[in-house]
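Down below are the structures I want you to see.
Each of the two complexes below includes chain A, the first together with chain B, the second together with chain C.
Here is the complex of A and B:
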């Protein structure tokens, strides 16, 4: 049931805070087992088609703080988070990976995560995939993907159409590629949760958690105005890598909380082609070159006219180029694996926490190498020129020119962004490093759990949504057994 | 935008506007197109991160709004 006008006092056996991939999977699994669950979400409960994907409307409706958020550092890293029912899954491109097995093994070893290995996670990945149906393009690839694949093949690299969490419709674009719609939490696990008798309370911000006898009291505010008190036996905090640690800190819980934020820094390049390559409705293609993964990877980025103009704004006549030649332009990203070099700190008197991150030398090297490799791939695929965004060597027109590209991103480069933040409450039995135990229970706090991207011990080097969902499924099943 | 930045951003925006008064004798919003361009370029290429990020922020917002309106 959707609760739209809550009483000022509510009671539920279990409360899940946050309805993104971690929270929605947790809530649906627990409700499916017959438990009484209230799912609380700070953002609005919106239909999927309330706005067009990757537009200003979407930023206004579904992003936290309108998409204007940054991790402060030198340079600062712009980031985006979803804030609506479904969380990040409502605004991302749905690219699906499992975390690489060697990374999972590292987490088990370095953080002492019990009963944790690629083999033990297999059934949890499979259970989520059965609902999410990650799939590649059913027929022909979008032109942006073909370019990456052709260029990569010529450079001796392997490029893959990475599965995405989308539903392909019957309608085709000009190239014969089917249009797709996100297969997000609001299309999958949230309806499952509601069908299993769960209660959903949107537009409700949790201010603070407090111990109450053997359970917890949740102090919240509905629709920015009415105060709510929710009593519960167990709480799962699934508010994402920034707001999970901030809520725990506001509640006086700070052991290893918010001290090790990681993010996957990303830069964008734009290539110009003689022939039209950018078609209406192309969206974000799933093609990726990931043979350098987990250190870095590159792939297709959103290439709407507005995004092209922003990417080219520093170039001479870049905006005019985006306006007049947008059909001939397409953007790509280079993404580095992140380190644990950031933090989240709740600020007294403010709703939003201070997020900090220092881009490391290794990440600069990854991004520098990635820019060079991607530029060569795009030129090999026939690009007339590639706009790198670098202050030296801004425009590359030949393979010979790529020799001039540095293997390290220059220190002054400031146009870095990310959509993947994680690891702010790492899991494990090693209490010197971990905030929660191997199953997501906060160390030293009975009945309080974290089950979202915060618990990933380090950056997996790939899009983390698949791993978040598998971990949430694993933790929920364990919770039901004990 | 995070709530702790809002006041600072208002102050910065006002400072940017009045910077035109200091350098060109008139607030930014009342400058000619050419002088506005000069001020934007000066801030965009400033050695201070803050000035560069400030212009990048408004430029991105402007482009997103204008380009989407044009596309409709």
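Here is the complex of A and C:
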């Protein structure tokens, strides 16, 4: 049931805070087992079709602060977070990976995560995939993918169509590629949760958690005004890598909370082609070159008019170019694996915490190498010019010019952004490093759990959503057994 | 009970009494003896003196001592080697260590090592001995803890036992084992360690410490009552996955505890007692609490200061759940229990 006019006092056996991939899977699994669950979401409750995908409307409706948030550091990193029912899954490109087995093994070893291995996670990945069915393009690839694949082949690299969490429709776009719609949380686990008797309370920000008898008391605010008190036996905090640690800190819980933050620093490049390469409704392709993974990878980025305008905002007449020539423009990203070089700290009196991240030398090298390799791939595929975002060598028009590109991104580079933040409450039994135990229970507290991207021990080097969902499924099943 | 029983801490206070009970029954609880033909493996620390020939004479229960260290996974494996679906009764634990770290190594890691090794041998049920300390102190004297009372761990020991309870639950769930947690408060009775004998001597000499008004409530458990609780936790089908407080029928005011010991010494054993108390203001315990906390946060541990810090606290629980679900019924109360304790001390040639 959707609660739109909440009473000022609520009670539920279990409360899940945050409805992104971690929270939605948790809430649906627990409700599916017959538990009484209240799912609380700070953002609005909007259907997938409340706006056109990848537009400015979407950014206004479904991102936190309209998509403008930044992690302080030199250089600073702009980050974007979903803020609506379904969280990040409502706005991302739905690229689906399982975390590489060797990364899972290092987590088990370095953080002492118990009963944790690629083999033991198999059933949890499979359970989520059965709902999400990640899929590649059924027939021909969109032009943006073909460009990457052709260019990569000419440069001796392999490029793959990575599965995405979308439904392909019957209608074809101008290139003969079927239109697709995101299989986000609001299209999958949230309806499953509601069908299983779960209660959803959107537009409600949780300010603080406090112990109450053998359970918890949740102090929240609905629609920015009314105070709510929610009493519960168990709480799952699934508010993402920034807001999960901030909420725990506001509640006086700080051991290994928010002391590490990883993000996958990313830069965007835009290529211009003589012929049309961008088609209305193309969405975002899953094509990726991952042979340098987990250090870095590159692939197709969102190339809607709005995103092109943002990507080209620093160029002379960039916005006009994006508007007038958008059919000839397509954006790609280079993403580095992140380190644990950031932190999240709640500040008294402020809604948003202070987020800091220091981009490391290694990440600048990864990004530098990635920009060079990607620029060469795009030129090999026939691009007229590539906008690199660098202050020198802004525009590259020939392979010869790419020799001038540095192998390391300059320290003052200002266009680093990320959509993947993680690891701010790492899991494991090693109490010197981990904030939560092997199944997400906050160390030193009973009945308080974290089940979201924060618990990933380090960056998996790939899009984390698949891993978040599998972990949430694993934690929920464990919770039901104990 | 199972055909095979693994008993840890068999050289300790509770463990050795439990061993006695499994072999021969206990005076008030004859039915806790293991069925004839049961195989009993007892885990001892390296160098500890193990089960005596005297104890194993006259019984059809076979006893096999195993020596090792709980914190070594291979030792735990060896303990279970060749057993089939044994029952685990885990009484080993550190109460007064030299360093706080030992609490966690033995109480938490040791317990998990046992559960892992046990599950490989097909162990279906594990009974583990926790403590009152994960739950802390009652907010007021009339308050009683039950099994739903929240965790509020008392110092390093309390935190280690809380971690032990929570992680053992996590492990048991993954391993598909029935876990039963038994929480005894302060225990007393035969086989008591020297620190408890010292307590009797202090009372006899008029140095029994009384902090504040002495009306604070303390639950205690006579060791044989506890052994009954452990046997029920091990046998009763309803105990699977549960936690139980196991104590004497009612808590006692601190003053009553001291008065009772004094009276038993004087009337039952005809000793000269000083009829005095070492009366200390309540804040001494508060000071001791902070000194204890400071010492423990430095990773160290001081037994006397720790015990002193608890002297004015209410630590009282209700045994209703164990009564209702297991049929637990403590037959020995303070006066009789203390009489038997003192008798045992004297029988051992100790002087009070």
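Definition applied: the second predicted complex is superposed on the first by the 474 of 482 C-alpha atoms of A that agree within 3 Å, B and C clash if a C-alpha of one lies under 4 Å from a C-alpha of the other, contacts with A are read in each partner's own complex, and residues count from 1 in each chain.
The definition used in the following text is that contacts are C-beta pairs under 8 Å (C-beta built on N, C-alpha and C of every residue); 3 or more make two chains touch, one makes a residue touch a chain.
Please read these numbers as outputs of a predicted model, since none were measured by experiment.
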Put the two structures on top of each other at chain A: do chain B and chain C fit, or clash? fit
Pick one for A:275: touches chain B only (first), chain C only (second), both, or neither. neither
Looking at the overlay, what does A:76 touch: chain B (first), chain C (second), both, or neither? first
Looking at A:446, would you say it contacts chain B, chain C, both, or neither? Reply first, second, both or neither. second
For A:403, decide between first (touching chain B), second (touching chain C), both and neither. neither
Give the label of whichever partner, chain B or chain C, reaches more residues of chain A. B
Is A:310 in contact with chain B, with chain C, with both, or with neither (first, second, both, neither)? first
In the overlaid three-chain picture, which partner chain does A:482 touch, first (chain B) or second (chain C), both, or neither? second
Taking the superposed arrangement, what is the smallest distance in Å from a C-alpha atom of chain B to one of chain C? 36
Touching both chain C and chain B, counted on chain A across the two superposed complexes: none
Given the complex with chain A, which residues does chain B contribute to the contact? 1-4, 44, 49, 52-53, 56-57, 59-60, 63-65, 67-68, 70-71
Going by the contact rule set out above, which residues of chain A touch chain C in the complex? 114-115, 211, 213-214, 429, 437-439, 441, 444-446, 478, 481-482
Going by the contact rule at the top, pick out the chain A residues touching chain B in the complex. 55-56, 59, 65-66, 68-69, 74-76, 304-306, 309-310, 313-314, 319, 322-323, 347, 350-352, 354, 414-415
Where on chain C is chain A touching in the complex? 148-151, 159, 162, 166-167, 169-171, 173-174
